[in-house]
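The two complexes that follow have chain A in common; it is paired with chain B in the first and with chain C in the second.
The block that comes next holds the complex of A and B.
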């Protein structure tokens, strides 16, 4: 193998991307706006809250220059509501991702442009980086949570439930079929990619000869002019 | 080889003789014993208890190859259903570190090559996430 790494992102890479997310901090010291490649950061004036990238917030937190205010979905109330939804109301699907603001323009429809970890993020949905962000905040700023242990426990439960769902998803897979993965987070994708891809590949190999036969039959029917045109159009869409 | 007799040949040789040019093929192929009706019935009953490795180290690859040679709709169905069901069990075992000890050991021994690769992939990615979480704890 030429590449030592499997396709896709490794967990450290996903976590690195997550550090681009904006979080809300409560500064303890003044800090002028920094001119960075990604644009200027918000100036910090205690006691006003500002949104700054997670990596900067972690740095300031470590130097005790700021406190991080956890996003609203990372609270026991929200997490237990989401967990209940995952267990009780949608046995197969994942809880839906945060809804896009109706006013969202074309360039702020995805993280980090879509604010999903600031204090005004929607409380009722898990954003794309929920797992990484939660883990990092729980480790870096446990004293900024009201009930860190309970949040930690709920995060673990959520992860268990969702991993089990992701695994159960392969049972309904088909060589050409799919499983609905709306609302699956970045770390979960990174974790499941190798396995799910492997299963689909295996099914494709087993079904290859049948697929071949089907193609040939269809080509034949098309040549003979049997098949309806509507059906043909549909098949081409699938490709 | 006598006419009308049955012999076991390597797949490549049997295949070549079966599709060789000529007015009549030199021989006709049967499904290999690892895809015999008895095995298929066992797979239909419970895919998880069959030791695929004992049947053929590359069970699914062999199956896919045979499906190219034979028009066996049912074999294909059984194979993909088996693969799916076993993949789900395999994922559970891969995520569960103590799975390799107790009751899972027999199942893991019976995986064919393709399933072993899958197990390794699932196990490695689960481990990578665990490693990241552990590092996250020590770093902050």
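The block that comes next holds the complex of A and C.
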């Protein structure tokens, strides 16, 4: 009954998450709004475009009730621009993720609910679920792309360039963690987690006694020097 | 607060409760799958979702006899989504039970201090699990030991025999609101965490920002 999987999402689970992304469809049949558990869906009136979750779009596509309009970043022009950036201008880091909408206190929506795969998504950046989304759409709806083979080829190139970066990044890992990985994709996290986590945790266990000694020394210094911060011991955020 | 903040506030408030619950459940599921320890039970959220799932199942049962092809297709969509929700809830619960099973003694003492950590049913399960296990141990071999060696939660010699999860395991996380500088104790690592960043970091050093403030989410 208990889940026999190690911590961290598996690739099928990442794909499941990705299927919650909204995509733009061009319906061929009417379908009124449905009261689903996750809120009402958009009503479909041909030929008006609507945004619906990917899992529903795939269902409609399979029954030839709708066409899926690929997001603007999943086109040969955008992908080759991003690929060039990944190779020429950002030799170590990933290309930056899509820009976030202005922040507000309560507004902390994150992928897969960010509207990064609809037809008005920004064309110049790869969203979090880029790999999964691209693969799923190329598999289920190749006829909705103008140049599916071109897109497929660019996706493969991008994947290779980025996997190489993920591997090269291993050199900077150390026991404390604290590695910034902006722009990383969901599937890349799932792939790299076991290795990156294993290396950092392994290094930490090797250096555990030294770290413990230092922690004690620091606590001692705090007790002696700055009594004010001593009670914030547990809460490192405010230091 | 500037105009963008106000607009953003209005747009999230306009979102139906169902959609917000789906987002929260998804986030809770991912966090539970990733974090090394059991996170506090989201009682209100789970009550709402369980109620909705129950009603949706009733709806499907009522409408299954309907032979109209249009209604039939609607039903397929509803059932597909129902299955997705059931998967989310089930996987969430199973991930929690896996951790509870693994560190049963640890969570039993923790649940006594933090009543909101586990759901009532989870606590019941945990108590039954431990009762079974200790009875099994004592009938099979523990009863043959001297009484001083029979305890399962001994702390003699300053070493507790109760195993807990390793809270310094690294996790991948995404920053939802600017957090500022985070220091990992005992090391030189300092991170300036800003909204939208993705970090690989020790669970222990961001735990409060995830659990209490919701400033960071696990991925």
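Everything that follows uses one rule, which is that the second predicted complex is superposed on the first by the 201 of 239 C-alpha atoms of A that agree within 3 Å, B and C clash if a C-alpha of one lies under 4 Å from a C-alpha of the other, contacts with A are read in each partner's own complex, and residues count from 1 in each chain.
We adopt the following convention: contacts are C-beta pairs under 8 Å (C-beta built on N, C-alpha and C of every residue); 3 or more make two chains touch, one makes a residue touch a chain.
Just so it is clear, the model here is predicted, and its values are computed rather than measured.
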Can A:97 be said to touch chain B (first), chain C (second), both, or neither? second
Could you look at A:135 and tell me whether it touches chain B, chain C, both or neither (first, second, both, neither)? first
Applying the touch criterion given at the start, work out whether A:26 contacts chain B, chain C, both or neither, answering first, second, both or neither. neither
Give one of first, second, both or neither to describe whether A:43 is in contact with chain B, with chain C, with both, or with none. neither
Please work out whether A:170 is in contact with chain B alone, chain C alone, both, or neither, and reply first, second, both or neither. first
Identify the partner contact of A:15: answer first if only chain B is touched, second if only chain C is, both if each is, neither if none is. first
Residues of chain A touched, compared between chain B and chain C (which is higher): C
Is A:161 contacted by the first partner chain B, the second partner chain C, both or neither? neither
Once the structures are superposed on A, label A:193 by its partner contacts, choosing first (chain B), second (chain C), both or neither. both
Can you list the residues of chain A that touch chain B in one structure and chain C in the other? 174-175, 193, 212
Spell out the residues on chain A that touch chain B in their complex, using ranges where they run on. 6, 10-12, 15, 58, 62, 135-136, 139-140, 163, 167-168, 170-171, 173-175, 187, 190-195, 198-199, 202-203, 205-210, 212-213
Flag every residue of chain A that touches chain C in the complex, lowest number first. 1-5, 7-9, 13, 16-17, 19-20, 31, 34, 36-41, 55-56, 59, 63, 97, 100-110, 112-113, 174-184, 186, 189, 193, 196-197, 200-201, 204, 211-212, 214-215, 218, 234-237, 239
So in the complex, which bits of chain C are touching chain A? 1, 4-6, 8-9, 11-12, 15-16, 18-19, 21-23, 26-27, 30, 33-36, 49, 52-53, 56, 73-74, 76-78, 80-82, 84-85, 87, 91, 94-95, 97-98, 100-101, 166, 168-172, 174, 176-191, 195-202, 205, 208-209, 214, 217, 219
Chain B contacts chain A in the complex at 60-61, 63-64, 67-68, 71, 73, 76, 79-80, 83-85, 87-88, 91-92, 94-95, 114, 117-118, 121-122, 124-126, 128-129, 131-133, 135-137, 139-140
